[in-house]
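Here chain A shows up in two complexes: once beside chain B, once beside chain C.
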Partner chain A sequence: MGAFVLRRLAASLITLFLASIVVFAMVRAVPGDIVEQMMGQLGGSEGEAVLRRFFGLDEPIHIQYLDWLGRVLRGDLGVSWRLGAPVTALVASAFLVSLQLALLVLVFSAFIGVPLGLMVGRWSGGAFDTAIQSFNVVALATPVFWIGLMLLFGVSELLGWSPPTIYVSPVRSITENLTILMLPMLSLAFLQIAAYAQFVRQHVIAAMGQDYVRAARARGMPMRRVLLRHVLRNILVPLSTFMGLIFIQILGGVVVIESIFGLPGLGRLLVNALNARDFPVVQGALLTVLISAIVVNLIVDLLYRAIDPRLRT
Partner chain B sequence: MTAQPLLKVDAVSKSFARSGTWLGRSGGVVHAVSDASFDLREGEVLGLVGESGSGKSTLGRLAIRLLQPSSGEVSFDGRPITALTAGQLRPLRRQMQPVFQDPYASLNPKMRVGSMIAEGMRLHGLATRPELPDRVAASLKRVGLDPSFGRRYPKALSGGQRQRVAIARALSVEPRIIVADEPVSALDVSIQAEIIDLLKTLQEKTDLAMLFISHDLRVVHQLAGRIAVLYLGHLVETGASDEVFGAPAHPYTEALLDAMPSHPGTKKRRRIVLHGEPPNPIAPPSGCVFHPRCPYAITDCRHAPMKLRPKGNGRATACIRDDLVLRSAG
Partner chain C sequence: MFEIYRRTLLKGVALAPLAGLLGVSLSSQPAFADDAVLYGAADAKAKSGGRLTVGSLIEPPSMDIYHQAGEAVNFVAVLMYQTLVYADPLGNPHPLLAESWEVSPDATTYTFNLRKGVTFHTGEPFEAEDVKYSLDYMRNPENGTIGARDFADVQQVEVLDTHAVRVTLKGPNSAFLITLTHRNASPIPRGWYDRPNARALLNSSSVGTGPFRMAEFQQNSFIRMERNPDYWQPGLPYLDEIVVNFIPNSAGMLVAVKNGRVDMAVLVRPQDAKQLEGAEGLSIQRSISLNQKVLDLDCAYGPLTDERVRRAIALLIDRDAVMQAGISGYGQRLGTMVPGMQERWGVPIEQLPNQVVDVERAKALLTEAGHPDGFDIDLTTIIGYEWMEPAALTLVQQLAAGGIRANINRVDLGTWLTNFRSRQMGFTLNDWGTPPDPNILYYRHFRKQPEGADFRNWNDDKASALLDQGRAALTYEDRKSIYGRFQMRLAESVPTIMLFGADHLVVVSDKVKNHRMHPIGWHFGLVKTWLDI
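For the complex of A and B:
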C-alpha cells in the first residue's frame, strides 16, 4: 500500500511538471501582455521597455519559466502584477470558495442522482423511467449558464426574492453562506443529477440480468434489499471513479457559474487575471486546478482499494 | 410418500414478444415453451433433456416461477402459485431453489462466500445471529469445502469450488426442490463427475426433489429416475429413464440417444442423422413440430396435434405412430 502511494505520487509529480510547462507556454501564447494593457493608447516604446524589464518579460521564455519554477518550488507563486498581493493568498481564498461549491454539488447531486438511478434502473421501460430519461437528455444538453440565469430570473420574478450578492464565508455565517451558494449549486446540480442517474441506471440494468441477482430473488429477497445489498455493492467501484471524473467536470462548471453569481472563486479570479494578462495569477490558479485534479485522481485510486478488496494484494 | 406431487406443472406455455424494429414492425412472438406438463414427486430426480434452444432453461424457470407463464398453472405442494403476488410467493421461494449453469455469473463477486450463504438463512429466520457462523461452516462442509472458504471472495475460487458454493447457497434455505440448470456444463470434465456425485449424495441424503436440466444424456441417466425430452418447446416423451433409454418411444429421443458417444470397441453402426436445423420458434411447423426432420414422418404428422399420450407404465409420447420399433441407446 505504501509503495503504491509512493509510486502514484512520483507519477503525479512528473505529470505536474509537464503540465506546468504547458500552462506557462499557453498563458504566454495569448496575444498582448500587461504592459500593453497599462499603457493603452499612451504606448511609448521607451516606457514599455522599462516596464517589460520590471516584470521580467524581456527575458527569453525559458529563463522566465525556470525563474518561475524555481520560486514555485520554494512555495512562492509570486505577486499579482495587477493587485500587488501575493498570488498564494489570492489563489488560496478563491480556491476555498470554489472547492466548497464543487463539494456541495458533488454530494447533493449524488444524494438525489444515485437513488433516482436505482429506481429508474429497477423500473426501466416504465413511465417513470421514460420521464426521467427525457429529463436527463434535457439536463445533459442545457448549458449551465442558461440554467443559472433562469434560476436567478425565476426566483426574483416569481418568488420576489433576490439572492444576496455579497459573498459570506462559511466561517462567518454558515446559513448566509449556504443561502448564497444555493442557486449556483442548483444550477450545476441539474446536469450532475442527470449524469449520476444515467450512470447508475445502466449499471443497475446490467446487474439485474445477472444470475446472482436472479439467485437472490429466488431466495425470496425483496427487490429493495437486492438492490442495496447486491447491486449497489457492485456499483460502488465504478461509481467512485465516476465521481472523480464528475468532480473535475464540476470544477469546470464552477468557473462559469461563479461569473454569473458573482462568487469570489477561482473562476472569477482566473477570468479577471486573464483579461488583465496578470500572468502570475493565471499560472498560480491553473496550477491549483491541476493539482486538485491530480489529487482527486489519487483519492479515487485509493478509494478503489478500500472498496474493492480484490485489488488489495 | 404422498399421492400428491410436490410440483405439478400443468399445460404451461411461455412466449416472448420480440422487440420490434425501429420502423415499428413487430418482431414476432417466440414460443419458448408450449403446453408442457409434468409432475415432480418428493425425493425424485426428473431429468429434462433437449438440445440448445429447446426451452429447457425457460421451462426450469417457469417451474419455480422465476418466470411468469403466459398460460397454464404451476402448483407447489398442491397450491397453485401462478397467480400469487411477489409478497405471497416470498415464503415459498426458499422451498424452490435454482442452481445455475455458470458459477462465474451466479456468485456476487463483491460478497464473501460466508455472507452469501448466511444471507438466505437470516432472511428466512432459519438461524439466529450467534448460530450463523456454525451454520455456514456446516453448509460448506456439506458440499465438501473447508469452512475457511467462508472468508473468501468468489475470485479466489475455482469453477468447481464456485459451483459447490452455489449449491451450498441454494441448500442454505432448506429447499424441497432444486432446479439445476446445466450445473456442470460450464465446468472442466474432470470436475463434472465430482459435482454430479455431490448432487446425487445430497439429493439422496435429504430426499430433495430435483429437476435436472442437461443436454448430456449420460449425466442425466446417472442422476435421474425419470426423464422428459423437450423439442422446440414441446415435451415429446416422458418416462422412467431406464425404460426411455432401453426403448425410446419418440423418433427424436431415438436420434438423441443415437448421437451419444459410445464406448470404444462397441460395434459401429449406421448413425441416425437428423437433417436440417431446429425450426424457427417464431414460426413453428404445423402439426408435429418434429415432422420436417423426422425420418419416419407420414402425411398425418403435418396435422397431428402435439400432445403427450400415455402409453402405460407411466410413459407418454407425442408421436402418433404406434407401429414404430425404435433403436435403444448404446
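For the complex of A and C:
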C-alpha cells in the first residue's frame, strides 16, 4: 500500500513538473503584461522599463521559470504583483470557497442523483424512466450560467429575495454561509444530478442481466435489497472515478457561477489575475487546480482499493 | 421614476458662491474654504450615520494609487485621498488641501498655501514637505509611477515654509491646477514608499487625508471604508461606512439592486436602466459626463491621409442615429467637445463645419479625392465594449451611402492598446474620458510630436500652434477663444469624429439622499450623501 502511494506520488510529481512548464509558458503567451495594465494609457517608456526590471520581466523566459520553480520548490509561491500580498494566502482563501461549493454540489447531487439512477435503472423503459431521461437530456444540455440566472431571477421574482452578495465564511457563520451558497449550489447541482442519474442508470441496466443479480433474485431476495446490497456495491468503484471527474469539473467550471453570485472563489481570482496579468497569482491558482486534480485522482485510486479487495495486491 | 437632474445640477453649481471663473483671471483664489462647492451641495436635512453599500461591476486591481491606473481605482480613491485642488462639475478649480494659490502671469510658477490642521490617516500632520515628496515621487519616472507623464513639465517643487509650496514649470501651463485635481497628485506622508512593504500596505489601509479611510479590502468581494474621525471638514462625511461590493455580472447586479442587497450601483448598459425603470423603491439618476465615444481617423492610414476623404466621412455620419443604436439614446450628441464641457468650452454644433449629413457633397469630395466609386476600409471595434457593435453596424450602413465599404474588424483590448500607443489605430471606434480642461483634453492627443503624442498622426501645424497658445493663455476669455479656433480646425480637418457621450446612469434606493454623480464619474458625491433610515 505504502509503495503504491509512493509510486503514484512520484508519477504525480513528474506530471506536475511538466504541467508547470506548460502553465508558465501559456500564461506568458497572453499578449500584454502587468506593466501595461498598471500604466493604462498613461504609460511612458522610461517608467515601464523600470517596472519590467522590478518584476523580472526583462529576464529571458527560462530564467524567469527557473527562478519561479526554485521558489515554489521551497514552498514559496511568491507575491502578487498587483497586490503585494503572498500568493499562498490569496489562493488558499479563494480555494476554500470553491472547494466548499464543489463538495456541497458533489454530495448534494449524489444524494439525489444516485437513488434517482437506481430507480430509473430498475424500472427502465417505463413512463418514469422516460420522464427522467428527458429531464437528463435537458439538464445536460443547459449551460450552467443560464440555470444560475434563471434560478436567481426566479427566486427574486417569486420571493422578492436574493442571496447576500458579500461572502461570509462558514467559520464566521455557517447559516449565513449556506444561505449564500444555496443558489450557486443548486445551479451547479442541476447538471450533476442528471449526470449521476444517467451514469447509475446505465450501470444498473447492465447489472440487471448479470448472473449475481439473477442468483440473488432466485434466492428470493427482494429487488430493493438486490439493488442496494449487490448492484450499488458493484457500481461503487466506477462511481468513485466518476465522482472524482465531476469534482474536478465543478472546481474548474465555477467561474461563471462565482461571478453571477459574487463569490470570491478560485475561478474569479484566476480571471481577475489573468486580466491584470498578475502572473504569480495565475500560476499559483493553476498550480492549485492541478494539484487538487492529482490529489483527487490519488484519493480515487485509494478508494478503489478500499472498496474492491481484488485490487489489493 | 426617471430623474434627470442635469439642469438642476448645473443651476445649483452656478448659484454657489465663486462658482465660475467666467471672466475671472486664474491667477489667484481668495483664501476661504468653499464648503458649499466641495463634493457638491450640502443638504440641510442631512442626518449622519449608516452604512451605504455600493454595487460595482469593476474592481480595483490594487489600491496603490501611485502605481495603479484605472477607473475602478479612481472611483473609490477620491474618497480616501485628496488633492490640493478640486474641480467642480463645470471644471472650475477650488481649494481643497490648498487653501489658496497664486499663479505667475506667465503661468509657469504656482504658489500654494496649504490648509492647516489636516492630518493623514496615519496620524501624521499634512505639511509642505509631504506635498514636495509626493509630487517629486510621482514625477520621477524611475519610480514607475502612472503620473510621471502628467507632471513631466514640472521643473521643481520648493518648500517655502511648513504650509507653503512653490511649483515651477518648464513652460507655461494654465491647466496645471486641473492636472492637480487628478488622484495621481494626491499627497501622501513624506517617505511613504521608503517603508518596507509600502505598496502592499496600501491594499489594507489608506494613507490619504480624505473623509473616509480604508478599513478592509477583500479581493474579489468588497472594499470597506469607514468615516475618518479626524476629518478636517466639520460635520462631514455623513455616512459612517461605505462598502463597495464587487459583482462582476450585470444580471447578478440587477437582482442585488432590486432586493436591496446594494443601495446604489453605477449602470454601464442602458438596457439595465430600462429594466429597472419603474421598480419600486428605486430611481435612476441620469447625469451628464465627460465621456466621449468617437470614430478615430488615423491620418496616415490608406485613403484617410486625404483630408477630403475624412471630411466626406464626417458628412456621411448621422451621429444621432449612431447614438440611438449604441446606447439607446442615453447620452448627448457631440460636436468637438465632451458633454460636461460643452457649455463652458464648446463651439455650438451649428457653427461647426461637417456636422450635418450631406451625401451629395460627400460623394463630390470623394470623387475629387480620386475615389468616385468609393473604397474598402477596415473599421475596428474593441471586444467587450458593448456599444461598439451596434454603432459600427449603423456606421457601415451610413458610410455605404457614399460608396465606402467598411468591414468591421473586432480586436481585443490588449491588441488595440498596442496599436493605439504605437500610433497605428487605423479607422476605429474609441471610448475615453478626460478631466474637465481643454488643454488636458486635447494637448496630448492632438499636439504634433514630440510635445504631444499625436495618436492619429494628424501632424497639423495650425492646430498645434493653437494648442501651444491655449496652454499659455491665462484668462478664461483668451482660452475660450483659442480653443474655439482649435475646435473649428478639428471639425474642418477631421482627425476624429466625436459621436456622442454616454450619460452617467446610477440606480439608487429611495433611502439614499443627496447623491450626485460628478461628471468625471468618480465617487466624490458620496462625501455628502446620506441615508434616510
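Basically, the second predicted complex is superposed on the first by the 313 of 313 C-alpha atoms of A that agree within 3 Å, B and C clash if a C-alpha of one lies under 4 Å from a C-alpha of the other, contacts with A are read in each partner's own complex, and residues count from 1 in each chain.
Basically, contacts are C-beta pairs under 8 Å (C-beta built on N, C-alpha and C of every residue); 3 or more make two chains touch, one makes a residue touch a chain.
Computed from a predicted structure; not experimentally measured.
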Sticking to the clash and touch definitions up top, decide whether chain B and chain C on chain A clash or fit. fit
For A:175, is the partner it touches chain B (first), chain C (second), both, or none of the two (neither)? neither
With both complexes overlaid on chain A, does A:32 touch chain B (first), chain C (second), both or neither? second
Of the partners chain B and chain C, which touch A:167 in the superposed model: first, second, both, neither? second
By residue count, is chain A touched more by chain B or by chain C? C
Partner chain in contact with A:47 - chain B first, chain C second, else both or neither: second
To the nearest 10 degrees, chain B and chain C lie apart, as seen from the C-alpha centre of chain A, by 150
Give one of first, second, both or neither to describe whether A:234 is in contact with chain B, with chain C, with both, or with none. first
Smallest separation of CA atoms, chain C relative to chain B, angstrom: 44
In the complex of these two chains, what residues of chain B are touching chain A? 64, 66, 86, 89-94, 96-98, 100, 102, 105-111, 119-120, 123-124, 153, 155, 166, 169-170, 173
Touching chain C in the complex: which residues of chain A? 30-32, 35-44, 46-48, 50-51, 54, 79, 82-85, 90, 94, 149, 152-153, 156, 160-167, 259-262, 264-265, 268-269, 272, 275-276, 278
Of all residues in chain A, which touch chain B in the complex? 210-212, 214-223, 229-230, 233-234, 236, 308-310
Quick one: which bits of chain C touch chain A in the complex? Just the residue numbers, please. 55, 59, 61-62, 64, 67-70, 141-150, 152, 197, 199-201, 203, 218-222, 243, 245-249, 251-252, 255-256, 258-259, 261-262, 412, 414-415, 417-418, 420-421, 432
